[in-house]
């Protein structure tokens, strides 16, 4: 059985999944075109931007999910608030200043999470929760302080840095291309180091790799992508696009490289599909549609991915049951075949 | 209206218990929004600071959706004799809190009450025809509504401070006059823009009353709900509309990210059109800083009008004689 | 003992490690000659794994040092192979058996360079040594416990080290796998390599190992199996449980 | 329920005393805070141990779905008047919370997705669906979480239900009543998309205040001349009281089962305890508690109450029962001291107004130096402060304890290492190499001065002496080494 699984789990399944995503996108394009979507500059820009953003978050999301940092996007979107308010107090309401403030606050939050998990037995999830609550509360304290100040610029400060996907413009796309290229370059350069770090940090340390440095580098990449994405596409989209494509891609392949590529492809699919669908009718918000598209990919993957998918597992279990049950006539209950039965070749 | 006698009776009771017991203590009034506190200040005139202690919960520029009550706000509410709030659910679930406080004998008054009673609210809910009871809370953007609110609030204040009823109603009368002048000026100013161009495009749907008062069409990219998010088709629709109507300028509010309107502009430009984004924000839910022109109701409304008219490239008519506050010179130029 | 003159694969001098509030290792002196298969044995909590981790610089030391072939860890790093405990990684990680084995070569490759055909060949060679060549493209999560252990062993083998450290390689593996692993290790020894194994099964010590270090926070005894693996030393290492244990022994 | 509670309380206190306590913002905030703290600690501890701490945060996002769906069902489905105060909306929110945790458990149970990712799939999806629903069907309604929940602990004292003691006559207003008020509603404005001010608008007149009023409501709205005697109970205290009671019962009755299911699910299953069912029950309680608490105290405070105090307790103890207790204690303490912090008083030690004043001098705050901030956020900050204190000062796991321990251990170790070393080698063939005073430091990889210092100390303590350039134990030293074991 294991051999069977192994063969089906080869890269062919992943290629199939990637191809399926492309075909699905073409199908959606056709249907959308038939239902009167105008493929103008706006739709092209948002589609392109969504696809590229999905690609970048898909790539980095693979690492975030494998490192059990899936919810970092959510934690950091809250943790950015104090940075935004301090930047406002110091510099006023300039978007770039607010974003720098947000990035600094996110990085301090990240550092605190890592310090807490390193020096105590508190786990990643609780450390993220603590940081989220404390940073956000500090932001609220600052916000309520600013609220009392006699100047009028602070309205909507806590939402101001969060963009929405439909509002992507050409310069945003160029920014994503720049950041995305940098991210992909670094990931490619440090590919084997990141892989080893994610899989077995102790072995990496024993082999002389500077684990702390690599860890901060990878974390910083994820933080940078999150802050960028928050500004361009909003909170919820960042959380979703960081997780869903990676989880979906994980089902199709056994190789990290293929997973990262496929996750990027799924992210791009979700981003572009959401954009196209939101062009069908008014009042179809782009970001949430991207999430729904990404979750649809997850659903298909979890159900039908060969080897791991639920349908696959149920069917192969039934086959095994038949194979075991047939010769033993009458009264014998089907026996569950253990995975370790193939031990010792 | 028929309630008046009873209310008066009750208010007198409250007043007696308040003022008779401690004649030297000022009457403590809390106003939630900046608009409400502006109105109460104008109606009470010199009484504020002497016989009345007025606390405004929302400071300058505070968006009521995002307002976080502070410790002193809570304390002020705990000691208040009367609370004046905007209503129409602008303060969210605080409505229920105000209802509960009323059971303790605290006077609470929604300044939108007369507008609601007259049926001059906009229903926001369009899913079913019968259901129009979820109102757009930005009623103050129509000066005519604000006149009604002034009268109603003056009445409530007179009941609270019967010994000053005369001065309050005099203040109200004068202020209603000012509001009418303002309305006339604003309509005149806004009709400088040619009729086919009178479309106000903003990022957030807060200007229905404003447009209605001044005879403009209003299109918001996003709905009233703060959770509403735009889609590609929304951007395309607005962009197409801008091109179709040949609109030259769009507006951004202070409390919303300008990204979406920026995207509309790019869409229009890519289609060969031309549209600008106004260099200055409009006031939507919040007013300006106290002491500034935009820190009063009249100033806030006039500043919005001036930003719109000048962004369209027209000159403002002269500021009405004697209408206070005086419009500052720097508002007559756009930076 | 003439440890100063004989070629020594591992020399630990006065090593002390504290772990949280408790001392985990006390003033350990140990020298393991080249070409032996050595077992580190002792009761639970004796600091066996801690000893390996401290030697490999994975946890801080309070005092003392370890030298490998007379060199420091940094200098000798490429001559050392390490097999951590099986439970230390996420076996659902998307990577193939071959890939894991190639990770053994990352340290030698240096920064940025990617493993190529030569590395692949080496890894396949190591896999065939441990009898997993048919599983090369399998995802690691599909392996049984024994196969996972052999994968880790192969990852150490490709390092072509002269000195191997293995943390509990026989924990929760079946008898067949254990035998297979032992065969590989003994082959290594035959080729002049040195193997240091954290071991917990006293019954197999004399069969598998020719060198023993008995540890219980302090070093109780070390030396060839005949010399050190005595009832007396076991009693000192295992305390009250020794009567039961020595009856089963041999 | 309210009546029973009040008549019970009236045995001990007068109505005025109850009202005085219940109208003090601080006492009510502390009371409600303590209740949420107990619930949060009871359930949050298990979430913490199951590594699902972020569940409440996820629920805080997804309750929007419940609110929106319930709103649409109420209005479009049943044609009810849209009412933002309806308890049905809160019920919908609770259902959405339940859906979130159930969806997460289900995704996780496929074994294909890890816990954190399962949560991270469930809540963006549900949130995305709610945004789509808002944008499509309710974008012109001021509909968001803030408009349905009060969500502010500082205001809990004012959001009351009244219990009437005397003069409790209800009042019915019919359109014919003298007090009936008439309000106009535009009948064709929405349908024809016209302004109510336009000449073609048609109005219908409705009685705006008709209905049945309790004595308190009648008094509040000036519809009755009698003044009823009322006792005011904060709604937040009531709901949280009930929820806390349920949680106490659940954890109290199923304590050992929960403990086993959390630490060793396999054993629990073997013993026939059905840990899966237990987890679903736990998560259901979590969602109900979280939503109830969102309404009472606000999302950020709930997230904090569920995570921060249990984590603080975890730094101080490893025993589950103590964790539950300490968690509740730190939560309640955070609520109590947080109220002071909102006024600028940090634990009675620091006056935050002065801090602001100082900051104004250093970086310039434009002269606005009044510390007057959000109560909820201050409570979270205080919980965080306690966590930091525990992190730094915890007697066993704390940073300082660790540092002191390492420092004192280093000294003790240094002594013991030398003593042991001497004991190990004394009398062996290699002693001339291992114990030479001049080269001894090399064996430890220490500096010569560190060893010299140590030797001086050991000699002063009469534990070692030096003979022929070799270090040797004195009799006292030998005894000391023996006693080390």
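All chains are identified by letter, namely A, B, C and D, in their written order; residue positions are counted from 1 within each chain.
Following the convention adopted for this analysis, a residue touches a chain if its C-beta (ideal position, glycine included) is under 8 Å from a C-beta of that chain, and two chains touch if they have at least 3 such contacts.
None of the values given here were measured: they were computed from a predicted structure.
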Furthest chain, CA centroid comparison against chain A: B
A-C or B-D - the one linked by more C-beta pairs in contact: B-D
Centre-of-Cα separation between chain D and chain B, whole angstrom: 37
Averaged-CA centre spacing for the pair chain C and chain A, given as whole angstrom: 38
For chain A paired with chain D, centre-to-centre distance based on mean C-alpha positions, whole Å: 27
Geometric centre distance via CA averages, chain D-chain C, whole Å: 46
Sequence positions of chain A contacting 2 or more other chains: 140, 143-144, 148-151, 250, 283-285, 287-289
Shared-contact residues (touching 2 or more other chains) in chain B: 68, 70, 226, 228-231
Residues within chain C bordering two or more other chains: none
Pairwise chain contacts, counting only pairs that touch as defined: A-B, A-C, A-D, B-D, C-D
Chain D-facing residues of chain B, complex: 1-3, 6-7, 9-11, 13, 65, 68-75, 77-78, 89-90, 92-97, 99-105, 116-134, 136-137, 142, 144, 205, 212, 222-231
Residue ranges of chain D in contact with chain B within the complex: 23-25, 64, 72, 75-76, 79, 81-82, 84-85, 130-131, 134-135, 137-144, 146-152, 154-155, 157-162, 178-186, 189-191, 195-197, 203, 208-209, 216-217, 219-223, 225, 227, 230, 232, 339, 342-343, 372-378
Complex contacts: residues of chain C adjacent to chain D: 1, 4, 13-14, 16, 18, 21, 23, 26-27, 29, 62-65, 218
Contacting residues of chain A [partner chain C, same complex]: 2-3, 5-6, 9-10, 66, 189-193, 195-196, 198-200, 202-209, 250, 253-256, 258-259, 339-340, 342-345
Contact footprint of chain A on chain B as seen in their complex: 58-63, 66-68, 70, 226, 228-237, 239, 254-257, 259-260, 262-263, 266-267, 270-271, 285-292, 294-295
